[in-house]
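Chain IDs A, B, C and D follow the sequence of writing; residue 1 opens each chain.
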Amino acid sequence: MPDKLFFASDYMEGAHPAIMKRLAETNMEHTAGYGLDEYSERAREKIRAACNAPEAAVYFLVGGTQTNATVIDALLRPWQGVVAAETGHIAVHEAGAIEFGGHKVLTLPQRDGKLCAETIACCVETYQKDDNRAHTVMPGMVYLSQPTEYGTLYSLKELEAISAVCRDADMRLYVDGARLAYALATPVNDVTLPDLARLCDAFYIGGTKCGALLGEAVVFPKRGTAPHFFTIVKQHGALLAKGRIAGIQFDALFTDGLYDAIGKTAIAAADCIRAALVEKGYNQAFVAPTNQIFVTLDPEKAKALSEKVEMGFWENLPDGRVVMRLATSWATSDGDVDALIGIL
Amino acid sequence: MPDKLFFASDYMEGAHPAIMKRLAETNMEHTAGYGLDEYSERAREKIRAACNAPEAAVYFLVGGTQTNATVIDALLRPWQGVVAAETGHIAVHEAGAIEFGGHKVLTLPQRDGKLCAETIACCVETYQKDDNRAHTVMPGMVYLSQPTEYGTLYSLKELEAISAVCRDADMRLYVDGARLAYALATPVNDVTLPDLARLCDAFYIGGTKCGALLGEAVVFPKRGTAPHFFTIVKQHGALLAKGRIAGIQFDALFTDGLYDAIGKTAIAAADCIRAALVEKGYNQAFVAPTNQIFVTLDPEKAKALSEKVEMGFWENLPDGRVVMRLATSWATSDGDVDALIGIL
Amino acid sequence: MPDKLFFASDYMEGAHPAIMKRLAETNMEHTAGYGLDEYSERAREKIRAACNAPEAAVYFLVGGTQTNATVIDALLRPWQGVVAAETGHIAVHEAGAIEFGGHKVLTLPQRDGKLCAETIACCVETYQKDDNRAHTVMPGMVYLSQPTEYGTLYSLKELEAISAVCRDADMRLYVDGARLAYALATPVNDVTLPDLARLCDAFYIGGTKCGALLGEAVVFPKRGTAPHFFTIVKQHGALLAKGRIAGIQFDALFTDGLYDAIGKTAIAAADCIRAALVEKGYNQAFVAPTNQIFVTLDPEKAKALSEKVEMGFWENLPDGRVVMRLATSWATSDGDVDALIGIL
Amino acid sequence: MPDKLFFASDYMEGAHPAIMKRLAETNMEHTAGYGLDEYSERAREKIRAACNAPEAAVYFLVGGTQTNATVIDALLRPWQGVVAAETGHIAVHEAGAIEFGGHKVLTLPQRDGKLCAETIACCVETYQKDDNRAHTVMPGMVYLSQPTEYGTLYSLKELEAISAVCRDADMRLYVDGARLAYALATPVNDVTLPDLARLCDAFYIGGTKCGALLGEAVVFPKRGTAPHFFTIVKQHGALLAKGRIAGIQFDALFTDGLYDAIGKTAIAAADCIRAALVEKGYNQAFVAPTNQIFVTLDPEKAKALSEKVEMGFWENLPDGRVVMRLATSWATSDGDVDALIGIL
């Protein structure tokens, strides 16, 4: 790996140096366990403020699949399933963790990785009009991710429309924000943390893929949304004994604009690369404005480039070309970007 | 908390400084995710060597309840349950995580927190002789912890006897080593890592309570014991994206005898305190030779002591006295011990 | 089997002739499926009337373990477990069906097969006072059976006390009435169907062991107790396609006092046998007033008797004697009883 | 309902008179419970003979969803899911029973309700080639139904091809035969019971929809396929206490060709109706050769017809027409068919 440029992923380093510094500074302190410490509480307060949700219940879990499985299990009743895009992370890449918890993932067609309000409304209507609906799984929640698996974004208008469908149908809306920092920092994005708090029943602010060693901050904007959630977290094996490890990191991420800065660094880098790709006549597989760039290459070109640049393989196209993913992060330097553009 | 002596728990600091140093040194490296990095592999090799189990499959998970639930689910078949002491952690303090995975915990009477081979053999025999056994849960695994919930230890002879019962009955033997460092470092202990590897189907070497920020190393001494365990780990939400965070820590713990040293520091401190307690005429509730000391106190005495020393409450006795727990760790200094003895 | 007297069990025949007659009479009719037919509705109305619970929701399931697993799963939330006597059917003889549904059975000591209100209150108090209760399973329901596994009965006073504990602690009370007909027909019994409806959140009226081919009638006295129960029944594989098969049987059982008559026949027979046993100096292992008689015998005596009478083996006593079970049913004739007494 | 012709469904009567007769004749006998009686054993022997599978393990369960959930749970390991057509019963109409058991249903596109071997092979290949396959659910079983949800049939060649794909990929093949009698009796069908036994790891012979009151016969052609299946059945709440109720029915169904006769009566009736529909210029929505006929009607025509004939609503077409289902059964008389044709 040493001599290659690294654009393979956004979570292959450790943590942002500001986070490591705080972990080191607090290392020898004794605090309460299981997230009951003051750092975790401080992080919760900062997240509540950032979300303009003073009543929000905030919990720190360890990773994304775990968070999705735990929140979905906490919010669904036994007769309900969770609606997701057929490309959604919970539908494809979580090894059946949702089903392990006893719930069906009800997949719907997507466009650019996104669900649309009409498709969801149609699914709800089909359920409600079905004479045999008592023999089927009730759609009880909608799962989205922002950004999506394809790096695309829901606009505020789209999210409002989906939220309205959910409220009309008494369904929960849950947003997976594994890469939320990158969404928030994208210039065309118009969905803020307070918007998420206003429109969702639950969402999580990703740490692992946004500069933390690990950790995801689950936000339930309304108190009482998920009763006994602490116990459910424990039951799912998701309770961190030294809960402050996550708390300290989120405290740092929400201090002095670090979470924003992490996102902006990555987006600025990705925008430079996208501009260079356009200028040099490369094709992009999806119009993704966030920190992931999906470039379509001839196999030879892909191979040649891979010798100098660590990239992620995305998929083979029917025409023989391949889609490769370049991801930027808080750790992407200007020098890396310039070097990559030089190679391109 | 500032001015009090801290003996409340063994996992309320961050990590041992040697671990923090390694995390800092490697922080900006790019490595593969999900435990496929070279640090994790190096840690695996060191653990295999320490266990004298060159074929062992080793996995790093995050926490104790998660590890128990995942390993038990991986090794049991649907018609089987796990045998545990009625005081066992999985039976009492894991919020039903084993049952969430679909398995019954079959509790048996304990003595000093321990199961004995005869009790297990009797349970197996009862099952096997039961005409209605097809209507009941088959004991498919024995769960122990070393040390136990009461800080006591299985002797090698006891463990060999239990292992023999398990093998005769085609049951798995699994040892929860959340505090294994303290067991290994106790002078009277005669159960080594190679013994565990020889006698068990699975065990875990605890990190969280033995100096790490987080992390537990699951060891399956024989390859093939838990097919598709990686996927089961993912399904349980227990797969760490930045797997190296655990790998680096276990690499450090198994370098230059750090894991041994951590245990020895704690046991030496505990032994000093126990000697002082005996000398000063205190009663201990259990004969526990490891890093936890259970002292029986009058309520007034307990209250007075608690003003100067952070201790853990264990239980109220019928006679009005209380049992308080003092725990030592790698972070307990000679000065702390001297100060505590002075107060006693 | 031909020449032996049959006292081995109360559910080894088919159905009471009055039930077979109704099944034959209605056989060629076309009705709606899944319990939406008029016979099922008629049976529901009769059960509501018998229970003095005009608002009750009534469902027909197939068997006892299935009913227990389905009702318990429907009424518990994920963080809750079900309290049962350590001898309770769900704790011992249901092959882990409750745990398969994700819930822990919290066992308590019993006396004569019964839980007492104080024991339950103590369990609740222990939970509520536990500082670590968020790490444990909350008792969310009490499971009893009437009669118990030992053929004993809760008195009205005992049941009222348990019900009061449950309501104070916001726990559900559920009564398994697999053999309820025999309880209701026992002279010393003072717990009626309206009492059960008044004191419980759910109970079932057993059909399989009380004269039906199959079928158990679940009663939720208050509407809204178990939302979407139909779908949960389907999800548990417990929904009978030809639901009327159960409905017709319960319609028959609650017509012209058949359910009472079935119980009375069995109890009268059992009382005769018990009187004869006392007179002849036999020992009974438990004081069980219902249709099961537990007689303690020397092994030789047991063997000799077994050549003439089909009995059930219950258990070996430490002193070498055995406990055998004699069960009476609606199908036990006066001639059978006389013949048995003759043999005794 | 009285004056209308009944073609709404094939399971809205009770049982075939020959079955009712046997239940009545055996009603007062005492037999062992839980399927250990001689009638069940006799039925097993007859099924083994009919399947040319002398070693087959045969179990009697109660209903279709229950059988599917129990068999799938018994044959899959935790990391595996079951492949089904997106229209498959387990994917759509079982209220999430498969997911309740912890397994994902992996849906694939269908044609006329059928999966094809190439589609399955492609799904397997995608899994096997996926670098991230350890993060996804492994296809561990293929679920088919014969006939399908659309009343269509797999040919022997198609089934052989699918079986070959399954064996190459070490996947189980399971066939849901809820309406198997109708498949077996269809003239174009070339898949026999011995073929199913030769090509599948498990299948069930439907009783409920083929003349029984209830009951499905699960066949595992090779012994050892599903270890401890009895206990898994119990755990799923699927064990019938009076197991003989199912055994007697299957004994009757496999005596003197009753199962064949039931199928033939229904198919002969359906063929007459289909011929009349063609002659009279009606459109059929699918080419279904079994006992279900899917006729496309203008809404007015459908309404008019529904006043005289009880039919099942199937779906609304985009062009405003509706698809109605006519189902024949063992209970469909020549007079009913003639009357229906008259009305058409």
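Of note:
Just so it is clear, contacts are C-beta pairs under 8 Å (C-beta built on N, C-alpha and C of every residue); 3 or more make two chains touch, one makes a residue touch a chain.
What you see is a predicted model, and the numbers here were worked out from it, not measured in a lab.
Relative to chain A, the chain whose mean Cα position lies farthest away is C. A count of contacting C-beta pairs for A-D and for A-C identifies A-D as the more extensively joined pair. Here the CA centre of chain C is 34 Å from the CA centre of chain D.
Mean C-alpha positions place chain A and chain D at a centre distance of 42 Å.
Centroid to centroid, with C-alpha atoms defining each point, chain A and chain C lie 50 Å apart.
Listed for chain C are residues 78-79, 94-96, 100, 102, 134-135, 231-232, 234-235, each touching two or more other chains.
Residue ranges on chain D touching chain B, taken from their complex, read 73-74, 77-79, 102, 134-136, 138, 227-228, 230-232, 234-235. Against chain D, in their complex, chain A makes its touches with residues 78-79, 81, 92-96, 99-100, 102-105, 107, 131-132, 134-137, 313.
Against chain C, in their complex, chain D makes its touches with residues 1, 6, 8-9, 11-15, 17, 20, 23-24, 26-33, 62-67, 69-70, 94-97, 100-101, 208-209, 213-214, 231-232, 234-242, 244-245, 310, 331.
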